[in-house]
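The following pair of complexes shares a single chain, chain A, combined with chain B in the former and chain C in the latter.
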Partner chain A sequence: MFKRMDFSSPWIKLAPAILVISLLFGASILFGLAQSFGLMTGTGQESISFEAYRNVFSGQGPAGREFWSSLGFSLWVATASTLLSAIGALTIAIWLSNRKGKSQQTDTLALNWNLAFPHLVWAIALLLFFSQSGLLARFAATLGLIQMPADFPILVKDRSGIGIILDYVTKEIPFLTLIVLAVLRSQAENLDIVAENLGASRWQRLWYITIPQVLPALMAGSLIVFGFVFSAYEVPAILGVRYPRMLPVLALDFFLNPDLNSRAEGMVISFVITLIVMIVAIISLRGEKEDTQE
Partner chain B sequence: MKNQSAVIFRIFLYGILIAPLVLFMLYAFSERWFFPAPFPTAWTTNIVTRMLNDPRTTSGLFISIGIAMLVSFLSLLIGFPAARTLGSRVFRGRQIAWLIFFLPTVVPPLAVGMGLNILFLRLGWSGTLFGVILAHLVPTLPYTIFTLSGVFSRYDENYEHQALVLGSSRLRIFFTVTLRLVFPGLIVAGLFAFLISWSQYLLTLLIGGGKILTLPMLLFSAVSGGNPTSIAALSLLFVAPPVIIIAASARFLVQHGNTIREQY
Partner chain C sequence: MKKIIAFLILFTVLLSACNVAGNNTQTSPTTYDINDWDSVVAAAKGQTVNWYLWGGSESINNYVDSFYGKALKERYDITLNRVPVADTVDAVNQVLSEKQAGKDPGVVDLIWINGENFATLKQANLLLPAWADKLPNSRLVNWDNPAINRDFGTPVDFQESPWSSAQFQLIYDSARMQPEDLPRSYAELKDWVVENPGRFTYIAPGPGGFQGTRFAKGALYEFSGNVEQWGNFDQAIWDEYSPLLWDYFNDIKPYLWRQGETYPKDENELHSLFANQEVDFSITQAIVGAGALIEQGLVPETARAFVFDNYMIGDFNYVGIPLNAPSKAAALVLANLLLDPEFQAAQVLPENGFGLGFGIDINRVTDSAELTKLQEASQKLGDAATPPSDLAKALVGDTAAEYQSLVEEGWRQFVLLAQ
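Let's look at the complex of A and B:
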């Protein structure tokens, strides 16, 4: 029997996609690097300079002073969002995994429903709901809990990033729950039953059997979430404040600044974001590889 | 006891599912809604009608739909042969090809857009639909390839061999065997390429340079304008396609089985 009808080189079929991606993506990285060195920023500079890097990392000047506090703020928002989403997803998934049959499919569908609301519009919904004159504040006023909009706590556009975290947690819990549920449903119940027969309590089974089973997938998924939260622009742009700002907001602001000298600094900040996201992605990939080798 | 908590959870879950839509409708159709009132005291359809008659909104809607449709079509067209090769064949350099497609999924659109901004400016592609569509391909094409290659790694080529032995032409095999078998995966990949392009703000901003006004661009300027009624009306228009798409493709989403790993 022939195993393969196709004897042509695999690269012929890969060529169009590789060409499009490597040209566009490769060029964007090259031109980005060039700009971070002060080339092609429209300032007429013709030699490589590390000034933008110095400005950003030195902690002085407008770029540097805001860079370190933005980095800290970004790390805080991304870490808090990821941890809360992971804990929430684990809890919901374990609880849902006991349900079988038709409800199983409806759960999957319901969890997929969050895909209908892109981050951009989810952030707007939160803004309208949680702001000081939003729907929640109106309900609080109707119940007599507050008198004026100013009495309502600042939950969005706040300085500690609560609004941004709230947005990501509500969007990422369904995302991670689906990942954990997929693992729980693909695994046989045998281990759990054996442990029960041997007298393991409900908590022991959860701690020694269920959680170790789902942990690799949950970790990989959480790192995807971290990378996304750390590098996304829309949500902090809508739900954030003027200071402190998350790194992507800062990078774009510098890049689009009418002062062409700050373009290079914007580019440097965006490379810092890229570098951190890349490191996280590599860790996530290694985790997944080990997982499949087992 | 257990049943009761499940029912409560389900009510809560379904509540969250429709809450954004209800919220947008409350604001979009409100005429008078002073602070302590929990619901609008007077209703109107004027804002929504005015928005739908505004040439800026209608052209934004058509540009968004046009770009997203072309981007998802091109992603499937270019991605299909690549995904099939990547998913079903073993060859030297496979990991390198995989890496080339993987990198753009990691590097944020922010960095890609900022790099392409100056290049497209020099090529004269910035501010054009062509440039924006090309830029949107950077996030959508790898996503399409990975979704479809997952489908092809579970795909049984023997069905094609059987049809070939029975005397079918290659073209007929492609349309009656291959496409039929991978259809759910194809739908999911295409729809998500559409959604990624549909909600793209950064790349459109950095390449379109304010000349290509898609709905996300209008939405952002409405948010900075700060009028809740017009923000909500525009949001309703913006979520209508995703909501319809997800509702209509629910069957395929379950069939497809893979969790959607892309964020948009």
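Let's look at the complex of A and C:
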């Protein structure tokens, strides 16, 4: 028994937040898990069944036929979006980090401005601009660049997910740039000057000083982006095609299927999403730990 | 410690707020006997009825408020609380969650429902049983009609009461095409599509895209030339004709909008493709044809509805009462009011903004004044409607329920996923 409660312990301070999160998230995760085993789906089933798992993973039946291609498609979209965003953010951040004074504030403002748009709004804006009956298609047709609006290249609602990636990349580059820029502005300069005095070339400085400095932050940010892209619903729902579909779209489709037995399958797919995002979260936490130990 | 106490207080307040929000409807357990209509009306007095219905159309919302809302208040002292939902499945999920949480009474009194959502609630035993034939106005409903006593093939069993009717139709733009150039069968449509590549698409059959499923079922009817045999499920018939259906869709696929790489997922997406002149046909279920859509500005004013010569599936839509409805008596009164000849006549007129067909059989209306009103209304459907004689000639009922998911899953497997 402890003599006296130590209220300065971080766990006590975190207790309210942890309590709410574990209550709300924990309960819904348990609920979802129960549904994936066929319980509480409204069908009156009372025993645990692995049928939904079998249906999804076997590649047979409506859920299985699409599951593996959806998983592949989700991994492709999430990986491509993350890599492109990271490369773009790094380039822009390095370019912007040399700007000083007032323009620095303008840059930050410009980057934040983009963050204010919800993905939903951004996705619909892209649709209005880039679809075949969209603004750009009409301008191009009016200017005579293409014969009619329908000749416009297919950039949204395409089978390779270009539209979805375009949305994520344009939204996540500013997000990652802000993270990288914060690191660069706070510490990079002195080391850079030392290296320059020692005769390091521009590229050497970039490669041996700047990039190693920002890499941990960029990695952590990229994993957040990956986890988000992999599990978000609205963008692929708006900019995606009927096939292949990303996992969250597939999961909701099965969850809302009028046949209550399909709910279990929708929940199984949701759990695959949760599992993969959790793995990514663990990797990112591990990475952070190693950084602090160095 | 203070913080923890503050947090606990906040938490309690939040919880009780949830509780209040959930229970804000009155739960007067006034009893009534369903066989004694006066007792229903008496029990309903002063109640609030929470009607969950698809709220995507402003004109329908206005119609509901100004016609039913007013009449309920004036005649029965019932307050109508119209709860708009983005998709009827949201109301279904509300009722399902209440069941899972053991919440009785719940918050939903009446749902505008049909087809798959009705099947879901019936499957889960969440609907008030055996009431629809007890409504006084139920005598105006032709319960012998299989299109009424079966909903997407699921037996209705008086667990829902009809409101209005709809029939599958196509829409064209009279500024772009002439009536004599329109295809009048699935076979003619195929020729048209091949001659006009990229100018046609249809809604992807599947949950949420029932119009696409209906379009596919019409093709099954045409290929088999026999509608009756689809009324009961028969695997042999399905095995015989479904390959023809996939062949048909795969044959036209290269000539579709976007070469069939993707399809619109619902009616609104197809309307916008049509309005943007990306495709030349849209579809509708409304008896006033394109009329209501023109009012909403979704399609050009020159849009007109038409039908093939045959196999245009028609059906009814209904209202259902959840088993845990807090104000069942008021819900019953409203369901009865929907069948009143006065409102049945009002609902078909395009200017009132609803635009779906009669739920009752007007031949059963004995009051001559009411009958005249109904007949007059059906003469005033507007230019954008399909001529009633064309509609009647092409009208067929839906298939047995089993075919619904077979068509939807088969289409995904053999048409969409087929490369």
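Convention: the second predicted complex is superposed on the first by the 274 of 294 C-alpha atoms of A that agree within 3 Å, B and C clash if a C-alpha of one lies under 4 Å from a C-alpha of the other, contacts with A are read in each partner's own complex, and residues count from 1 in each chain.
Going forward, a contact is a pair of C-beta atoms (placed from the backbone, for glycine too) under 8 Å apart; a residue touches a chain by one contact, two chains touch by 3 or more.
From a predicted model like this one, the values you see are computed outputs, not experimental measurements.
> After the superposition on A, what does A:Ile179 contact: first (chain B), second (chain C), both or neither?
first
> In the overlay, answer first, second, both or neither for which of chain B and chain C A:Met278 touches.
In the superposition, A:Met278 contacts chain B only.
> Thinking of the overlay built on chain A, is A:Met267 touched by chain B (first), by chain C (second), by both, or by neither?
In the superposed model, A:Met267 contacts chain B only, not chain C.
> Scan A:Lys157 for contacts with chain B and chain C and give back first, second, both or neither.
Second partner only.
> In the superposed model, which partner reaches more residues of chain A, chain B or chain C?
Ranking chain B and chain C by residues of chain A touched puts B first.
> Classify the contacts of A:Glu234 with the two partner chains as first (chain B alone), second (chain C alone), both, or neither.
In the superposed model, A:Glu234 contacts chain B only, not chain C.
> Which partner chains sit in contact with A:Val121 here, chain B, chain C, both or neither? Use first/second/both/neither.
First partner only.
> Per the contact definition in the header, classify A:Met40: touching chain B only (first), chain C only (second), both, or neither.
both
> Kindly classify A:Ile29 by the partners it touches after superposition: chain B alone (first), chain C alone (second), both, or neither?
first
> Looking at the overlay, does A:Arg242 come into contact with chain B only (first), chain C only (second), both, or neither?
Once the two structures are laid over each other on A, A:Arg242 reaches chain C alone.
> Could you list which residues of chain A make contact with chain B in one structure and with chain C in the other?
Overlap of chain B and chain C footprints on chain A: residues 13, 16, 20, 40, 133, 149.
> In the complex formed with chain B, which residues of chain A make contact?
1-2, 4-6, 10-11, 13-14, 16-18, 20-22, 24-25, 27-32, 35, 40-41, 95, 99, 103, 105, 108-110, 112-113, 115-122, 124-125, 127-129, 133, 135, 137-139, 141-142, 148-149, 170, 175, 178-179, 182, 224, 227-228, 231-234, 237-238, 248, 251-252, 255, 266-267, 270-271, 273-274, 277-278, 281
> Write out the stretch or stretches of chain C touching chain A in their complex.
Against chain A, the touching part of chain C is residues 1, 3-4, 7, 11, 89, 93, 96, 99-100, 115-117, 119-120, 123-126, 198, 204, 206-208, 258, 261-263, 265, 272-273, 276-278, 405, 409, 412-413, 416-417.
> Going by the contact rule at the top, pick out the chain A residues touching chain C in the complex.
7, 12-13, 15-16, 19-20, 40, 42-44, 62, 65-66, 132-133, 149-150, 154, 157-159, 241-243, 253, 256-260
> For the complex, give me every residue of chain B touching chain A.
Against chain A, chain B makes touches at 6, 9, 13-14, 16-17, 19-20, 23-24, 26-27, 35-38, 78-79, 81-82, 84-86, 89, 91, 93-94, 97, 100-101, 103-104, 106-119, 134-135, 137-138, 141-142, 145, 157, 160-161, 164, 195, 198-199, 201-202, 216, 219-220, 223, 228, 231-232, 235, 238-239, 242-243, 245-247, 250, 253-254, 259-261, 263-264.
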